[in-house]
Amino acid sequence: MTTGLSINAVDKFYGPVDRGVHAVKALSMQVEKGEIIALLGSSGCGKTSTLRMIAGFEEVSRGTIALAGREIHTFAPVRRNVAMAFEGYSLYPPLTVRENIGFALKASKLPKATIDERVGEIAKLLEIESILDRYPSSISGGQQQRASLGRALIRDADLHLLDEPMGQLEPQLRAVLRGRIKHFIKERGLTAILVTHDQTEANALADRIAVMEGGELQQFDTPEVIKERPANLFTGTFVGEPPMNVFEAFVSEEGGQIRLKLPDGVSLDYGRDSFAPAVRERLVGRQRVVIGVRPYAVHRDADGVAATVSANQWLGDQTHIAADFAGGSLVLVEHDRTRLALGEPISVRIDPADLHVFDAASGAAISHGAELA
Amino acid sequence: MASLELQGIVKRYKGQAVLDDVSLTVGDGETVVLFGPSGSGKSVLLRLIAGVVDPDAGRILIGGEDVTEVDAEFRGVGMAFQNFALFPHMSAFDNIATPLEARKARPDAIRAGVESVARLLKIGHVLSHKPRALSNGQKQRTALARALAGEPPLLLLDDPLRNVDAKLRFEMRLELPRLLATRGATVVYVTQDYKEAMALGDRIAVMAQGGIRQLGTPEQIYLEPASIEIARLFGDPTINLLDVKPSRDARGIFVGLSNVQVRLDGASEQAVGRDCVIGLRPEALSFVGPDTAGAIPVTVEAETPLNEKVVTLVRTVRGREILVSRPAGTPGPAQSAAHLAVNAKSALLFDRATGSRIGSGRRREVAA
Amino acid sequence: MEHSSPIERVLRAVALTLVVLFFMFPIFWIVLMSFQTNETILRIPPSVVFEPTLSNYKALLSGRLETAAGTLELNFLRTLWNSIFLSVTSVAVSLLLGVPAAYAFARHKFRGSEDIAFTLLSFRFAPPLLVLLPLTIYFQQIGLANTYIGLIWVYQLICLPLILWIVRGYFEDISADIEYAYRIGGHSWFATFRKIALPLAGPGIAAAGLLAFIFAWNNFVFALVLASADKQPVTVGALAFVTASGIQYGQIAAAIVLSITPTLALALYAQRYLVEGLSLGAVKG
């Protein structure tokens, strides 16, 4: 048993066990002390149910949850020593922002000077110093969310749970607050789990991301690994903005070349040595696959394959280009200002090292670049 | 196709002006994006153009014709709504067909019209479904199809991508320009997402507190924002803003940042000696070696990936926070003590008191 | 919590049963009474064991009531028909007037619109007895006393505010954008009302109509004062069983059973809409 959080084969049913809605399926995760974990998925993927089970607002249907060496899943929420920031802010309306944030500390009978100091510190971090003496009803949604975040972060808990902590935040503040909150959590060695549907937030804050879909854990790894070595087609296309380009492909080996036949007569040829022998064997044996390539890994190259520009959008710091390609749409991201006219022919190159190959039936990853998945 | 002209539009609710003397001309076939935070009046403006809300003052001209007193059903515009506003008791087909039915088109003409627009939006297979059986993306496409079905010369889109998930929003953003181009309509597009505004607008009208604060091409808005307020609205992460007081010496204009002289070639003389705010886009800052001239010493606080970029939060020796971004996969600072270089050409200077940008004319040309 | 122990489940079932018993008992007892003769009803102590008889129902349907004092002519079926006619017509008139009014109040905020709407609702607050006397005098003067038209008119006091307020809540619940979308598509405001607003508020209109029907059906005071024997609804007609030779409990029970059957059937049939309509009206109104 670790000193962090340990979720062991947890199931959640709404309604009768084994017959009701199966919201979380045999979930097992180990979170080390001092780690920041993101539960990432779209609505209904089971991430919020998981969080609520850890917090104690939802009963565990099967399995165990242990925190700091204690099995906590049967405890009342108050005994779990878990702090939570709610999505719906849920500040106490009759208390000022200052009292809200200091509430837990006051309850733990800390001296007033210490409380004031710590509230001041967290308020500065979240830029809510100027509204500390206001009441929740008189501040904006973004400010309420920051106050709620402050109320959770200030506590000395074994685990901090943050439910969509930045969904309502003013966009201009997001980037800087993400940096500060990450710094704050790391500096104090807190353990945190955040639930979010926003991958930017997950990527920005988390040491490891648990991607969930349909109640099942799809992949649990660092943002880099999830991005570079997605375990399956779902993770590959869900994580990454803009999303990964995917095409169905038919693999064959001809004259020392690996050929990927895409729809509409487009084919990508790679030298045999671009792939490790084991990958080669799997690909050629599998024949029908789905290939994926990240938008930033598609390069324009005069010797490449033909495509036709269908959109060219400059966003100030990046240019997003879409092109008609292989019966679908191929998206490229360039960091410079690119000016291409609609309908302009371009040619694109996809390096074998940037190629993700998935099983066409199961969606499981077969290879990433030259290596087996 | 039709041009649109708004002249001195005023709209008050309970004595408060939500639109205060707004004038705007949208050319034939042009796409103008109304961009601004919620409550800036852009949705009301769109409803005024559609004719479902009446202005308290001002005139609205569509195709040169004054339609201020004309009822909504006779204006011949198409509109898509943020919440889709599909008719829940009608199938997708019937929803899309409503503008065609209104003109008493023959049933086979209606069928042909609906099917062609459905093909364009790739929803041909769900036409028989009721809205509640459609996914969010399909709902959004149905709403767009309904707006397009009557082939209106003027199309009003009220934040149509707001309620779909990030992936669909992205796909649709790339698909929309071609879609709109095939119909050749004049488009007024409302959004709160600066990326959508930059990507879709021929011109952007930045709105705040019931007025248009700046009107220009995406280049003009991003590279030459009229004020600090507007500079902050465009760019992710947000532009860094630091108080400075530009000086000049024999070699030109410079500002002091963390005791380092940063040269600003091409800055306006008007800025010298004034209390200013310098605006530095995160992508205009880069990590350099300590020996580089004008390098600012900083400490790295946190690194957070953002889409295809890495954003670094650093702190200067004076305790000021700065965000730096770089393309993903490029090398970042090796240790927590690092140095920053400023791309002086893209630095923006604002007057601290008024917030307006200082510097006249086409600085972009200088930069290029 | 989502899951409960068996004990909890048993306790919950027992509690529910008690509540149901408490509320259902009067109805249950009435039904029992309707199958008994006056003698068995008035037994002391009362008992649920008796020999069932259909004599009460026979008397009601044949219109002849045999009592100790002799035979009494009854016109129960006539009162039942009056009830149906009065309630249905009143609700129909209310819907015709109330639904467009509700739409206007929901969509157009003009000066004084709230005041007018509230005034209409306040008719529901006033005790009927307060207006009854002046109404009777006026009606007698203009010749509306003891006419169906007069009764239907007075019933509007009951039905109209109800329909107005419930349906208005429903109309307000329809996003204005949905109607805008239809109008921008090229349809007139009336087409929008007919093709969009009415169908979408359909469940609410049905619920309001049902509720108004039940209220109209159960009305007693207005009909008692303003209608003579041939125009009386069931509620008033039941008074006839209080005869010189005593109260005919058996027949009263049978009359009650017969008269609540239509409303009960309607209510059960439309239970879902009814609850929805009521809660919506309550929240929005």
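General remarks:
Should a chain be cited, it is by its letter among A, B and C, assigned in written order, with residues numbered from 1 in that chain.
As a working rule, contacts are C-beta pairs under 8 Å (C-beta built on N, C-alpha and C of every residue); 3 or more make two chains touch, one makes a residue touch a chain.
Quick caveat, the model's predicted, so the values are computed rather than measured.
Of all chains, the one whose CA centroid is most distant from that of chain A is C. If you tally contacting C-beta pairs for each pair of chains, A-B comes out on top.
Rounded to a whole number, the gap between the C-alpha centres of chain A and chain B is 26 angstrom.
Separating the CA-averaged centres of chain B and chain C is a span of 57 Å.
Those residues of chain B that touch chain C in the complex are listed here as 47, 50-52, 71-79, 81, 83, 85-89, 98-99, 102-103, 146, 150. In the complex of the two chains, the chain C residues touching chain B come out as 175-178, 180-188, 196, 199-200. On the side of chain B, the complex with chain A involves touching residues 165-167, 170-171, 173-175, 177-178, 181, 194-195, 198-200, 218-219, 222, 232-238, 281-283, 301-302, 304-309, 311-313, 321, 323, 325, 327-329.
For chain A in complex with chain B, the residues that touch the partner chain are 42, 171-176, 178-180, 182-183, 186, 197-200, 203-205, 223, 237-238, 241-243, 295-296, 310-311, 313-318, 320, 322, 329, 331, 333, 335, 342.
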